[in-house]
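Have a look at these structures, which come just after this line.
Two complexes are shown next, each including chain A; its partner changes from chain B in the first to chain C in the second.
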Partner chain A sequence: MTPRPLNAPVRIPVQVDPAGEPRAIGLPGPLGRRRAVPVAQVAERWRIDEGWWGPNPLSRLYYRLALTDGRLVTVYRDLDDGTWWTQRS
Partner chain B sequence: MVAPRHPDIFGCLVVPRFPLACELGDRPELWGRPVVVAHADAPVVWSASPAATRTHGVVEGQRLSEAMGRCPSLVVLDARPARYEARDAAILDALERVVPGVEPAGLGTAYVELASLARCYRSPAALHAALLGCAPSELRPRLGVGPTKFVAGLAASLAGTHGRSGNVAPNVTVVDASEVAAFVTPVPVTALPVEAEMIRRLRLVGITTVGQLAALPRHALVAQFGAQGMRLVALLDGAAEPVRPRPREERVRERLAFPEPLTSREAVLAAAAQVLRRILRHPRRRDRVARQLVVRAETEQGKRWESRATLRHARCDHDGLWVTLASALERASLPGPVSELTVELRGLRPSRGWQGELLATSRASAERRERIEEGMRQLRTRYGRTLVGRMVPVEPWSRVPERRWALVELE
Partner chain C sequence: MVDATLMTIAALGDAPYAELHLHTCYSLLEGASSPKELIVRAAGHGYDTLAITDRNNLYGAMVFARACRDAGIRSIIGVELTVAPDPDADPDTPSGSRHDVTLLAENRRGYANLCRLVSLANGWGLVEQADRERRRRDPCAALHHVRGHTAGVVCLTGGRRGELAQRVAAGDRPGARDVLRRWVDWFGPGNVWVELHDNLVQGDQPRTRAQVSLARELGVGVVATGDVHYHDPERHRLHDALCAIRHRTTLDGCHTQRRPNREFHLRSPAEQAERFAEWPEAVANTLRIAERCAFDLTEDLGYRLPTPDVPEGHTPDSWLAQLCRWEVDERYSGASLDKARNRLDEELGLIARHGMAGFFLVYHQVLELARKVAAEVRGDAPRGRLGMPPGRGRGSSVSSIVCYLIGLSHIDPIEKNLFLGRFLNDTMSSLPDIDLDFPRDIRDRLFREVYEHWGSDHAALVATFPRYRIRSAVRDLGKALGLPAAEIDRLAKLAEGYGSASNVRGEMERVPELRPLAGTPGWRHLIELAGQLANFPRHLSQHVGGVVIASDPLIDCVPVQPAAWPGRYICHWDKDDIDDARMVKIDFLALGMLSLVEECLDLCAIHRGTDINLSRIDFEDRRVYDRIGRGDTVGVFQIESRAQAGILPRTKPRNLDDLTAQVAIIRPGPIVGGAVHNYVEGRSNPDSPNLVPHDCVRDVLGETFGVVLYQEQVVQVAVAMGNFTDGMAETFRRAMGRKDWGEEIDFYRDKFLAGAQEKGVPLDVAERTFESLAGFAQFGFPKSHAAAFGLLAYQTTWLKEYYPAEFFCALFNNWPMGFYPPHVFTNDARRRGVEILRPEINASRVPCTVASTEGLGTVRLGLGYIRGMGATTAAAVVDERDLHGPYRSLRDFAHRTGLAGEAIENAIRVGAFDGLGLRRRELLWQLWLLGLGSGAPQPTRRTTGRPRYRQLRLDLPTEQDHVPLAEVSRFRAMADDYEVLGLSPEAHPMQFLRDGLRGRVRSSRELLDVPPKRTVDTAGLVVCRQRPGSGRGAVFLLLEDEHGLVNVMLAPQLYDRCRTEVRGSPFLRIRGVVEERAGGNVAMLKARTVTPVRPPAALRAPDGKSWG
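On to the complex of A and B.
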C-alpha cells in the first residue's frame, strides 16, 4: 500500500467579492446538498509558496473564515489556476 | 629488538578535472575540443578542458555566459554529480583492494601510504601500475610519489607534464627525498593545495613559483594568510601529514533494472517497495540496523537522481524505512523515465543496543492489539483487502497540510 497523504484538499465552489475575497462558500448541508454559506469574517489570511524552484510549484492563499452559521473553515485559492479548495489545516 | 623503520613514501592518485574526465570518458570524441561541465542550476563553469583554458581563457568558476562569449564553439555538458561520486567511490574501492589505507581528498584525488607496500611488489613500476590500474584508463589518471603527501600531491599534479628522469611511466612522477628541493622550486603556485584566493594574492605580488614562496620569511606568510599560511609553512618545511584512511562502512545494496523504463511515480514506488523487501532479506542485513538510507534512480540517458536520508535513529524495520523511502520518491524531481532503481543501507551495525520501548507493552494494550488484529482479519475476509491504516509522520513540519501525515497499511 502506497502511503496516502492525509488532509488532502477538497474542491469547493466559492463566491467572491469584486476584490477577490471569499463572500460565500458552498458546503454540504444536512441532506448532502450543497448550499452557499455566507462568510461573516476573514479571521486570518496567509500565503504558501513552495517548490517554485522545481517542476511542481505550489502557490496558495489560505483563508481562515468564520461563517454566518458559526462554523470556522479553512479554504485556499490556488494562485496558479484560481480554483478554490477547503482543507483541514 | 626494534624493527627498522621504512622511510616514508606517499602516493597521490589524481584524475585531473574529474567531472570533465568522466564526461569525456563517456564521449571520447570530445577529447581535444573546448568543453566545459556546468551544473544545470548554477550558471558557472565547474570543470573546463585544457583546450578551452589554453586557447580561449575559459576557467573554472567563470560565468557560463562569459565562457561562451569567449569561445563560441564551446561544448557545454550538464553536470551529473551522482555519476562522478559513484565513479570516485569505485576508484576508492579499487584502491582499498591494493592499499590498506586510502584517504579521499576530493573528487578524483586520493592519498595512499606506500612504504609498507613497496616490498609486496617485485618493482616500484609494478606497484605504480597497480595503483594506476585502480582508475579506468579512459579517465587518464596520474600518480605522484614522494616522501610527504604534499610532495606526492604536487608530483601527481605535474605528472605527464614534467619531464623528470626518475619517471617510470609518462603519467607517473617519482620524487626522492634527496631531490625534493630541486623538484618543488620551479613548481607553479597554482599547483599548491590552497584556496584560489590565496594563489591570486600571491600572483598579484609577483610570486609565481613555490621556490619564490619558500624564500619568503615564514612569519610574513603567517601574518598574511593566517591559519592557511601556517599550514603552508609547515608543508614547505617538510612536515609529514599522515594518511587518514576513510572509515570503513558496512553497507548493503540492492538494484532493480527495468527493461521498459518506468514513467509513473506509482510504478517507481511499487518498484522501490520490491527493492526494499529484497534488501531487508539480505543475509548481511540480519540482526543489524542501518544509519542511512540512499535511494538512486537512473534514466536510460545516464542521468541520475539520488536522495540520501540519515535516519533519526538506526533502524531496519520495513515500515520506518518505507516512510523515508516513499516520501523521498514522492518529493523527487526525477530526471526522466527510470530504467534502474537502487536502494542502499549504510552504516550497518549490530542491533544489540536497540531499545524499542522504555516500558514493556502493558497487558491492556496487548489485548487491544489482539482485538484490532482480529477485526482486521474479519475485514480482510469480508472485503479481500486490509482497510485499516496507521498514521505516520512524513513531514510534520511542512506548511502544506497534506504533506504532514500519511496513511500506511497497519500490517
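On to the complex of A and C.
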C-alpha cells in the first residue's frame, strides 16, 4: 500500500454554464454514489499562478461555492487542461 | 448640475471606466512594463484617461504625461504613498505599521502637495545623514505630513494594502470606520473614495463587500481600480522575478511577498466593468474622478525661470545689456568693436524676444559665485594671481558673445567666427544648453555655495536612471531564477560592455559551453525575461553635474530628496524630463584636465618663476604641431587616445581649426557615421574625389570633406537636404540625444526622405546622409564645444612640450583621468628624457613634486603613491620630518612615526629608504629584528588617522644582529615596483620577458623600420583593449614594450578564437602584418595569431584598460 498524501486534490465532475462557471458539482452522496448538487451561489473566486519557472507550473481558478443542499465547498479548475478538482480546505 | 456632469463625461469619450491605479517600471523593481507599453495597450483598449501612481515617487510622471498626450489619452498624476503614524518606529508596532494610500492630483495645488509629500517620504527635511539614509532605503510619509498636504488632492483609500481594507479584512469594523472618518476629516467630504481591488486574490471579493457596506454607512463613494503592474498577463513572470530581485532572493524564496497570480495587468474598460458588475457606481465613479483631475503636467506645471534681482530702475533686459556693453568696450577696439557691437545687439534682441534675460543673469550670478569660490580655493597659490576664469563654458554657448562677455566662455566668438544659430535662434522651442567645466576642487565647493545661495528647496541635482543592460539583467535574473552561479557569472563576464539585455541569446550562442544551455527551461526564461527587462530603470542616481534652479520653490514642481552623497539634493526627473518641463538646468562639470592645468601653472610659477597666461601663448607653434602630427600625445587632453594617436599622423593638424575638427572626429557618433575614413582621406589627399554627398549640402559640408562633424551641421543638413524648417531641424537634433530616440527615428527618417525627394536628391544618397546624421545620436559635439576642447588640447600639448616635468608631475597628481594608467605615462616621460625618481622618505612630499628643472626636469614620486601608506599617514610622515628633521635610520623612522607592517615594508621594497645607505633586503631584515614586519602584531591605531607615537615593544639594540645581504635582483625590484607603485621608474617588464621569447620578436621601435605588408612578431604588455561599436566586431589592442607602443587590430573571427587569451593575459605575442603608416611613432599590426606570454609568477602585471 502506497502512502497517500492527506488533503490531496480529488478529481470531480462539474457541470458548467455557457460562461464556464460551475452550475452543479458531482459529490459523493449517501451510499457512496455520486450525485449532482446544483450551485446556489458563487461566494468567491480567486486565481493562483505559481511555479512557472520550475517543473510543476500551476494555474488554477478556485471557487468557493454554496450548494443548494447548504454545503460550502471549494473547487478549482486546472487552467492548463480544464479539469475540475476539489480540495478540503 | 447632473446634466452638466454627464455632458462632460460624455465629452471625455466612450470608455465606461478610467484606470486610476497604475504602476509603471518606475515603481522600481515592481512595475513590469514601461510607460510606453502600458499606454500603447491602453490606447488599444480604448481608454480615455489613465493615471500613473508609482510607489513613493514621480520618476516617470513626465514621461508618462507626454506619452499619454501623444497617444490622445488624458493623464492623471498620482502616487501610491506609503504612510505610517511614525515612520521611524518599528514597522511591526502599531505606530510604525505601514499602509498604502493612493493620491491623485486634482489641480496645480494638489500636484505641488504630492511633490512635497513624496519629498517628505524620501527623507526631505531630515537633518541627520543616518536618518536620511534609512528613509531613502525605506520611503514612508508620516500621517501628520499627509494631513498637512491635502488641498487639491483626491484620496483613494489604497485598495488591498490600505489601512481601511486591512482593518475590514481583519474584521475590525469600528477601526475601519475610524480610519475612513479620519481620511474624510482630513481631505474633506467628496474628496475621499473607498478603493476597491479585485484581482482574483483570495479575500478580494468578501473584503470588497464589507468595504462597500462601510462606505454606504458613512456616505462615502466607492471606486474600482485595477492595481495595474504590467500591461499584459504574460508579464506576470517578469513581475514575479522583480519581486525576487527586490527581496534579494529567488522566486522560490519570495513566496509570501509575491503576488499570487497574473491578474495585475491592464484590463480593458469593459472587462473591469464586468468584474465590478455588482457595484456599477464603483465603475462610474472612475469617470467622475477622472473628470475632476484636470491637472495636465505637460501644460500646467507653472515653473518660472529664476528672476534675479536687478538694480533699481533696470529690467532684466536692460541690466543684461548694461553689463555686456561695459565689457564690450573693454575687450574690443577698432573694426572688431563694430562687429562685436552688431553681434551683441543681435543677440540681445533675440534674448529679449524670448524673455531669457533672467536666465542669462542667473548664469552671471552663478559665475560670480564661482569666482568667489575660485578665489578661496586657489587662495595664495600662484595661479590665484593669473586672473584665470573660474571655469570654462562648453557646448554651444561658447558661440555667444553675451556668454563671452558675462564670463561664461573664454573663446572670442568674433575672432573665431562662430555660428550662433544652434545656441540662439528665432524659433527656439526650449532653453539653450549652457555647460560649465570647472577644476574638481572648485566644482565641489560651488555645489555647496549654490545650495546655500538658492536654498535646497530651490535648487537640486538632476537625476539619472541607470538602466538594465545585459550584464546587470543576467546577474539579477539569473539569481532570481536560481540558475547556477558559476555559469551566470561566466555569462555576465563575457557579455561585453553595455550590450543590450535583449541579446542574451546571442551572447550565449557565442560561447561553446553555454550554447547548449540556451534551449533548457531555466535559461530560456532568462533569455525571455532579460529581453523584457532591457532598459528598465534600476535605481535613482545623480547626473554628472546638472543642477536645476527655480525662483518658486522647486519642491512644488518636482519631488526633491537627499542624495546618497551627504549634503546634496536630487530631484526626481532626468535631463530629458527637465528639458520637457522647460526648466533651467545648469551643468557644472568637473574636468580633471582643468585641475591638472591649474596645478601645472602653479608648478611653473614656483619652479621657474614664470607666470604663464595660457590665452596668450603662441597658437601657431610648429614644435607643438609637429609633436601632435607624430601622434606623440600621451597624457594631453582629448587627442591622446589609441584611436587619436593612430589618426593624427595622417590628418596632421596645423592650427586650432584643424584641432577643433580632430577633437570632434573621434567620437562614437562620427565614427558610426563612417566619417573618419572620409575625413582622413580628404585631409591627407587634397586631390581625392569630392565626397560631398549632394550639391545641396556643399556649403554646409564642404570644409569637412563631406563629413558631418558638428551638431550645427546636422541642423543645417536637415534644412538643406531634408527640407526641415529651422525649428524642426533643432527639434530633430535634440531628439537624437534623448533616451527615446530609438522610437522616434522612423518618424524623422520618413520626413527627411520625403523632404529630400522634393529637393530632387536621389533616394540612396538621402538614405546614406540620413544615416550619417542619425549616427550622431547623443555623441556629436557642437562646433563651439569642439573649439573649446581643441584649444585645451593645444594648451596641454604646449605645456607638455615646454614644461614637461611640471606637466607630468601634475598628471601624476591628478590621475585618475584621461586614457592611460600611470605606468604608461611614466614610460612616456622616461622615453622623452624626463627623469622619474622613486619615493624617498627624506625627500618626497605626499604628492609628486618637481625635484629639479635641469634639462627637461625631474619628477619625484610622492609618498602617497606607495600602496598601503595612504594620504593621511604620508602627511604625518612629512609633517614629522618638517618639524624634527630628516629620518636618520629605520629605527628612527619607526620610532618617530609609529608606523609598522605593510606600509614600511612596501616603502622599503620600492626603495624609499635607499637613501639610508643600506640595501633593501638588509632593511627588511632590520624591520623584522625590530619586530615590525608585516606578520608581527600591529600597533593599535586610532581611527582619527594620525598614527600615534609609541614605544617599540622592546627597545633593545639590534645592531649586533645586522647582516650584509645582497641587493634584490633587478627583476625582483621591478616586480615590487609594479606591485606597490603600479609603475616602475626604471624598468619595463618586457626587458625581462624578451629573453624568454623564441624566434625573432621585434620591439615597437624596430617595427617602425619594417616596410608595410611584411609579417612579423612583436610582444608587449596589453595597455588597453577596445571593441568600438564602429569596428564591426574588430578588437583593437594597444601593446607597450620598453621602447614604446604598438597598435594591434584583431579581426572578429580571430578574436572569437582567442577571446580567453586576449581578455585574460597581461602579455601577448602577436604575429601580424604591418599596416601602411603615414609617419608617427606607433606602428599598426593586423594580427594573424595571438599567443599569451607567461610572466614569472612573481610579477603582478597591471590590468589593461578594458573596453573603455
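Assume the second predicted complex is superposed on the first by the 84 of 89 C-alpha atoms of A that agree within 3 Å, B and C clash if a C-alpha of one lies under 4 Å from a C-alpha of the other, contacts with A are read in each partner's own complex, and residues count from 1 in each chain.
In this text, a residue touches a chain if its C-beta (ideal position, glycine included) is under 8 Å from a C-beta of that chain, and two chains touch if they have at least 3 such contacts.
Here the structure is a predicted model, which means the values were calculated and not measured.
In the superposition on chain A, contact of A:Gln87 is made with chain B only, not with chain C. Shared-chain residue A:Asn7: touches chain B; no touch with chain C.
Of the two partners chain B and chain C, more chain A residues are in touch with B. In the superposed model, A:Asp69 makes contact with neither chain B nor chain C. In the superposed model, A:Trp52 makes contact with chain C only, not with chain B. Residue contacts after overlaying the shared chain place A:Glu44 against chain C, while chain B stays out of touching range. Under the contact criterion defined above, the residues of chain A that touch both chain B in one complex and chain C in the other are 48, 50, 53-55.
Only residues 1-9, 48, 50, 53-56, 58, 87-89 of chain A touch chain B when the two sit together in their complex.
Of all residues in chain C, those touching chain A in their complex are 200-206, 236-237, 240, 251-252, 260-263, 481-482, 521-522, 525. Contact residues on chain A toward chain C in their complex (touch as defined above): 43-50, 52-55, 59, 61-62.
Here chain B touches chain A in the complex through residues 41, 266, 269-270, 322-323, 326-327, 330, 333, 386, 389, 391-392, 394, 399-409, going by the rule given at the top.
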